[in-house]
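Take a look at the following structure, please.
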């Protein structure tokens, strides 16, 4: 495997560079008979599109998806679903000035070391552009798991050091509604306002911000996942860590378990289910039936206009300032990508479980 | 795939339950001509063995490994290396009392939900016992990467809330030596002393402790890993999260990137290499040539003698106190397992890179 | 895996139905730096195109290929190569009359049993149309193996019961030249003439013909292939048997070995190589360095205008005569497909061997 | 993958050399709750054991199998089933004389070219010994498919040029009974007698014989297999061609289709099923519900006492006569191996189909 696929039975293979003619995904293993139209996918792609927030990328990504195979009369047929998104509005000229320079924080240097080739037109396969294909594929996965009552919700938990506070929120819980009302996909309106100010400040000084996204899976039955290498949490960790921006993944109580005693960390089991959910819905790699709770750490976008030190292809030192108006944070654009990756892992394990029982 | 394998070209498949006759691993993809004797593997298994620390498991795991195939005259042949560890000293009687009870924090409940079967003799495939096979396989992987000058070192970074302090240490750096001198594999002698006291206290009250392990890879060349799903960090995250105790994985600056600005998080590149290593040695999924730095969060061992609430197979509420002297923490026993998993991922990507260039 | 991919390191995934908007392939694992232009692929597709022979399919398949990713400035980059062939000239109206009927010899019945869906517009994934994607991908594979001096040649060995005779041929050997001169890709001009007459006769009476194709690999080094399941001959057999028309595969002496004595079948080894090649270039699944020789049996095309018995979707008996001018034989159109499949298997094993030595 | 596994959901990985301490298989994907005892497997291994026929191998292979994991209280648990067969009675001394010589017809030469290593103790992984692990694993597969009413029967169709004649047989059909009564697993008693004489003659002159085995699958439902690369016939072809002795595989009418007209080869469909079965139970890679019929060509055993030409490791010419009393034909010992491989492929596709519907 050349690393372009994820999943065993529900499998997604993506292809395409940021500045090539198109990007796409081949989605295998989707059962026949599921309603699937281009507009279902388009809606998800629109959520990922730049321009949601003021300080967003100037590149107008149309992201118009086409279904090239795998459906007939609006339903899946069981055969591979080929999805294509043409790269309109591709302008590589912005990269001409830095074509020989390795941008810090990007994959330019490592890509060159791996392949011995410098495709200077953006990030190639490591570009955020590739995630459009994931989002498209994730819609198909989402249809499979929603048939079983599962739902994945992701939202901005913190941005630039500002975290939401459940107790400040009217609803005191995370819902699709209170996330959806927010431009930043942040359910706490107060926090969202402060985040916006932080973003504006960062944009002003030519810098960028990181943050934390939480992904919640509701309605997942007990019994999905494997007890050894393909643990549900291991597969979710891989899927989410495979998003370029992610530097950390934690499940349930996550890193805080390191300071807990067993009597605190263990979730007592009762006839009504678990009394707590430090496990984050997964025990021994298999789902418990409780909410699956995952958090990821997103690094600040590496493209900043502040001057940075680097080297060029010849190994000579350079200083660079990345021009153009880039996104200031991958949040909230990364959120549909997180949902897509969780959808894909869940759909795969759901199908795998079918072959067991 | 049934989830018992990891790796593409260097592939490890483990088998065996905690209380069956044996556990083992089949190691595929090891190139021919590498020196490999049983004693090489035995040494690593001994590091994982209970009894290193006072408050350790009473089960005397002999863990005597045998090589059943794949070597000839002390060298690998290129064919699958079958490793077997017989489960001597297996006594399932301790489980008789709780044979119908789902132990909190263990996989008993989820395992039952997945397979519809209650194998009450310990944790089955989800048992810590399975990690012996990983350690054995990891030795083979370690031989492959050490030929290229790579080395994986893991150590106790914190335990029960007590963290090491580099500035307190004479060496002011992590070395195999200062880790090796410590029973807890903790390079800071002061911290180690406090950890011991904490462990003793937890043992006394019948509780357990969690902690953080850091894994460092030295000597890794730039260019290993893939830019999309099989990113080096994604594969490391999966490999480490597949260890039962792990609830979080972070790379380089990890979760702290969430509060950084891009100008801080980006590692400037100079003619002498990177000026900092927030990336933890991986950019866009591909190694940079700097140290790879990973931290994992380990939950407290769920088997505690403190009374806990749970239910039995019939769904009736019960209270249980897990008898016997169990380990108080997976640290330091988990450390050789972490090293093994990192070895395996690195060996796999090293071989994969050979097919590219 | 959903069965749409072939290969481990050099991997081809195809997608697309016969009457959807397009068909294509994602080619993974191609090393960077190999010259690859659309016209290289187009040439191979043109060899597969109907219309080579008089009695060929009326559907004018333009088969214009586009490279959507994986190349930069005319060279491969090491990333997945996405190839697309738009289905122009698609007219499903011919299928309207038989939309509820299972055509004998086709996959209509089994497809329906598998997926519970009747996509009546041609053969779906089982259509010969899918092989265009294989041919396109095979060109990439061919570039990889030709760098190592390997070449795959396939030709018509028999058609409608008429077999070539080496002793009748001037060259007395199979060359790209004497195959290329023939419309039927048959190196024996005499035999070719008789085959043409047979085809014409079959066409006249609304019937179709089968035949045998031989595939020869020249320049293959010793040492490729695996000694157990992924034997070179096993992988070739699968690759070729996965072409819809193929009902038998044999290597070297093939089925005639069943009547040989060991002293006859064994190929003596000398300082100048093997004295004979009953093994067909493969021993214990690994190449010997001699020519690899494979023969496949192609069944007659099942679409015939002669009246046939069948049933419809409701299980009622029907009689049908398939209208339109269909190909009379898959030969010679299948020949580039055979070459492509052999190329793919060889390229995969070549890359796999790189990771071993 | 290193080529030691077969199957996607039902997956078998074998390990072990002919003259190492043991050989074995790890069987993954077996659903929980299936009765499985060592004696079930032992019975199949005994059918494969040498000594069934007079002119058989002198090596007394005890082939006593042990189940090391994956069962509890006589039932499968859903976890990997590890099977081990210790190589008792291993005597490598017979190989001392030929330790530097490449035996014609064996993998010695190619193995050396692949791995650069000469493990002269028998055939290593390419040894017939490895098939014991396949037979053991095949029993597990057989249990899965027999739950669905499927059964695989293989028998000797021809040996040394002598073929069975259905019309000569009382039953006029192939049954487990008339096969089982025959030492050669040949249902035609007349033919069997002639085969015995042929074998005796070959043994006398120090030569060996080939033959043809037919494998029939009864009770297979329609709908198993995939329409593209993982066609049922393609996977069967690979599985069977991966047996060292096999030089050809054909399905249904096989190579005879090459001389048929479409009107003859097509199997008319009626309300009572197919009127004929030239397709051999598979159309477009998917089972039709009719009997699956496969034939394989087995080459004569390459170990003969007749003098042969070869070279040694240094490339110098030698003459050799292989000593000891070797089998004269792989038939009938290969027959349980063929059944095992068919079982494995069918079990895998059965489980895969579960994830589709």
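Points to keep in mind about this one:
In order of appearance the chains are A, B, C and D, and numbering begins at 1 in each one.
Keep this in mind: a residue touches a chain if its C-beta (ideal position, glycine included) is under 8 Å from a C-beta of that chain, and two chains touch if they have at least 3 such contacts.
All of these numbers come straight from a predicted model, not from anything done at the bench.
Contact count check for C-D and A-D (C-beta pairs in contact): higher for C-D. Residues touching across the subunit A-subunit B interface largely coincide between the two copies, over half of the numbers being common to both.
One finds 47 Å separating the Cα centroids of subunit A and subunit D. Computed from the mean C-alpha positions, the centre of subunit C lies at a distance of 27 Å from the centre of subunit D.
Among the residues of subunit B, those in touch with two or more other chains are 1-2, 4, 8-9, 14, 29, 32, 78-79, 114-116, 124-125, 227, 352, 356-357.
Taken in their complex, subunit B has these residues touching subunit C: 8-9, 29, 31-32, 78-79, 227, 351-352, 354-357. The part of subunit A that touches subunit C in the complex is made up of residues 1-2, 4, 8-9, 11, 13-17, 20-24, 26, 28-29, 32-33, 66, 68-70, 72, 75, 77-82, 84, 114-117, 119, 121, 124-125. Subunit A contributes residues 1-6, 8, 14, 102, 104-107, 109-111, 113-116, 123-126, 130, 158, 160-161, 202, 207-212, 221-231, 233-235, 237-239, 241-242, 244, 247-271, 275, 278-280, 282-289, 297-304, 306, 308-311, 315-317, 353, 356-357 to its touches with subunit B in the complex.
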